[in-house]
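By letter and in written order, the chains are A, B, C and D; residue numbering begins at 1 in each of them.
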Amino acid sequence: MEIAIPPDLVFVILAAVTLIAAVLALQAKELIYGAIALGISFIGIAGFFVFLDAPYLAMLQIAVYVGAVVVLILFTIMLVRREQSDELLDRPEGGQGAVGLWLAGLLAVAIAGVAALAGPNLPAAPPAGNLPVSSLGLVLAAEYPIPLVILALLISAALLGALVLAKVEK
Amino acid sequence: MVSLTSYLIVSAALLGIGIYGLSVKRNAIRILFAIEIIVNAANLNFAAFTRYLDPPLVSGQVIVFYSIAAAAMEAAVGLALILIAFRLNSSIDVRKLNKLKG
Amino acid sequence: MALNPWLTVIIWAIVVIALTGPMLTLPMFWSRRKPDPFRDMPFESGQVPQGEARHRLVMQYYPYLLMFVAFDVVGMFLFAWGMSFTKIPLYASFPVLLFLFLLAAPLGYALHLALRRENW
Amino acid sequence: MVNLPATPADLIPFLFAVITSHTFIQIILFPGFIHVTLVTAFLTWYERKIIARIQLRIGPLYAGGPGGILQPIADGVKLIFKEVMIPYKADKPLFLAIPLALVVMAALPFAVIPFGQNWVIANLDVGLVFVFAMISLFPLMILIFAWASNSKYPFLGGLRSLFQQVAYEIPMWISALSIVMLAGSLSLVDIVNAQARIWFIIPAFLSFIVFFISVMAELERLPFDLPTAEPELVAGWFTESSGAIFMLQFLALYMKMYLMSSLVTVLFLGGWWGPAFLPQPVWFIIKTLIVATFIIIPRAVFARIRVDMLIRIGWTRLLIVALVNVFLTVLLITSGLTAILGM
């Protein structure tokens, strides 16, 4: 059975889900809903990774971001949450919202414009299947040993710091 | 096939959303959300460029790998900091965390 | 006949949602729904609930969550290395072993805290 | 290749071609939906029977068939017709959506579980990580559900469930790492194919033990069933669920049990391999049911342990053993013993 689903359609749906969820993450009244929307946005990005022939990255994205970081965020929200104060905290003061919107919109439009102008000169996609999953591990371990060790130091330092910060004081 | 430009536009839009959140929000957790969104926009760019080079280069995926790891640790430390700030100030409004101001 | 496996996964997800969704939505139509403050009360062994339900958080296990985030990342790195372990020369695996060795320090510290303090 | 129908007259041949296609049969019938729900329903009956036997009772008896085997269907029909109660001030959309999401999360990994050489819905090249990624979403869902029901028992149970699953996920991953190193692939089909000569339970026995204990804890089975401890927490995180919501959660939990049993079978017990007088999927399901039996039996035998002990065992004992096991596997492979064993 061969069903031709236009890749553009899937792409547009994915992009819409990702972007709307990202906006909701920042604008939802309840912080918990914001965190859930953030998780959905991360899953959308994972969908893009599948599209881009990087399934391992997609799984990493889901397991690390949605499975761990969003859980941590939700738990922290439940620790620091107070009824009704969240909404007041997030309302922009005065002209701040407009300025932020202008700044962000200008930046996004500028980058998107450059990308669109450069569009014809950008390379077209080579056929899929050139990036087998195992090559990722190969390159990771064989070609980038120093970043790996630096990353170990980074994780150690961050974990130690976070543990010391979160230590229950008596 | 979807062109590289569309990925770049999606990524630029995500970046814009993130910058908006960073510049407007006062709740520390929302600011963390905005940072994560920006990191994801960058990751998307790396993955897209990796895929569209001819022949494809795996190094871009490795960079995304490191970036995800670093962002996860950043979130862990950031949330621990927010927790401490809440315990000391009983608020996570970043504009009230100005005790060090001279 | 080979469909892209990811497309098959998506079809499978849609099938699951389409076939289990009715189990949740259909009972809404035929089940009797009469709002009653006593029946809708949260279950507390017959007592009237008091106070906020969402505030009893155990702070004491928070460090374990932080460790989880760190070791999630480490686990994914180890999988990427493990699937190509037999394909790369042995000396290329030494950085990964060093990586594990370096992570032993925060793990040891965390477990030291966990074992010494009775609270987490 | 099936052409989309152009005229109404083409519709019937088109539908026929779709229904008889291999992908459709796989998704709906055999490794797919009907098989998964049937075996899951069977598992609920099977568990009640086994526990009853151990405790010198009889168990389900009256619901038709031999030994009351239609009991799950009776339960399902009863639950569907019950009223769905939503507690006061609960978060309604989340309260209704999470049970469905739980079922989808439990069912999605079945797409990559190979029930036979050709009986797999989608042979992803990152299959194992896909399963783990989907399983890692469970604590999140349970936390959100516990928060949404706005009641104290579900919230406490949900938090316990979160910490327990978080504590045992990492040992589970790292013990599965040695299998990945031995097989040299993340695809579950490749992993089973690598066990044609010798099952991985022999070279990786230590990781089998760690993995099995972690699976017990992930499934919240008894010595580790703190999140649903009846004496203290009524029914844990699903105290407030009723009717169809409860049915979906129950379905998701037992589906997850079937999933984890089949994962143990794939990783350690040689998957579909067995003497040729039975077809491959039959061997697979027999092995899976044996694993499920060993997951069920402790419920009738052991007592529960304390929550801090539980979490501490996960992080101190199992994680250390799993990490040591990685080094042992490195030694095993580099010393050439695996070549002698014929792998």
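Everything below uses one rule, namely that a contact is a pair of C-beta atoms (placed from the backbone, for glycine too) under 8 Å apart; a residue touches a chain by one contact, two chains touch by 3 or more.
Source: prediction; values computed, not measured.
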item: Winner on C-beta contact pairs when A-C is weighed against C-D; value: C-D
item: Per-chain CA centroid nearest to the all-protein CA mean; value: C
item: For chain C paired with chain D, centre-to-centre distance based on mean C-alpha positions, whole Å; value: 14
item: Centre-of-Cα separation between chain D and chain B, whole angstrom; value: 34
item: Cα-centroid distance, chain A relative to chain D, in whole angstrom; value: 28
item: Two or more partner chains touched - positions in chain B; value: 65, 68-69, 72-73, 75-76, 80, 83
item: Per-residue overlap in chain C, given as positions that touch at least 2 other chains; value: 1, 3, 6, 54, 57, 62, 65-70, 72-73, 76-77, 79-80, 82-85, 87, 93, 100, 110, 120
item: Shared interface positions of chain A, touching two or more other chains; value: 1-3, 55-56, 59-60, 63-64, 67-69, 71-72, 75, 78-79, 133-136, 138, 140, 151, 155, 158-159, 162, 166
item: Every chain pair in contact, whichever chains are involved; value: A-B, A-C, A-D, B-C, C-D
item: Chain C contact footprint on chain A (complex, rising order); value: 1-3, 5, 50, 55-56, 59-60, 63-64, 67-69, 71-72, 75, 78-79, 81, 83, 133-138, 140-142, 145-146, 148-149, 151-153, 155-156, 158-160, 162-163, 166-168
item: Residue numbers on chain A that touch chain D, as the complex places them; value: 1-3, 32, 36, 39, 55-56, 59-60, 62-63, 66-68, 70-71, 74-75, 78, 132-134
item: Chain A - residues contacting chain B, complex; value: 7-8, 11, 15, 18-19, 22-23, 25-26, 31, 34-35, 38, 41-42, 45, 48-49, 51-54, 56-57, 60-61, 64-65, 68-69, 72-73, 76-77, 79-80, 86, 89-90, 92, 96-97, 99-101, 103-105, 107-109, 111-112, 115-116, 118-119, 122-126, 130-131, 135-136, 138-140, 143-144, 147, 151, 154-155, 158-159, 161-162, 165-166
item: Chain B - residues contacting chain A, complex; value: 1-10, 12-21, 23-27, 29-30, 32-34, 36-37, 40, 43-44, 47-48, 50-56, 58-59, 61-62, 64-66, 68-77, 79-84, 86, 92-93
item: Residues of chain C that touch chain B when the two form their complex; value: 62, 66, 69-70, 72-73, 77, 80
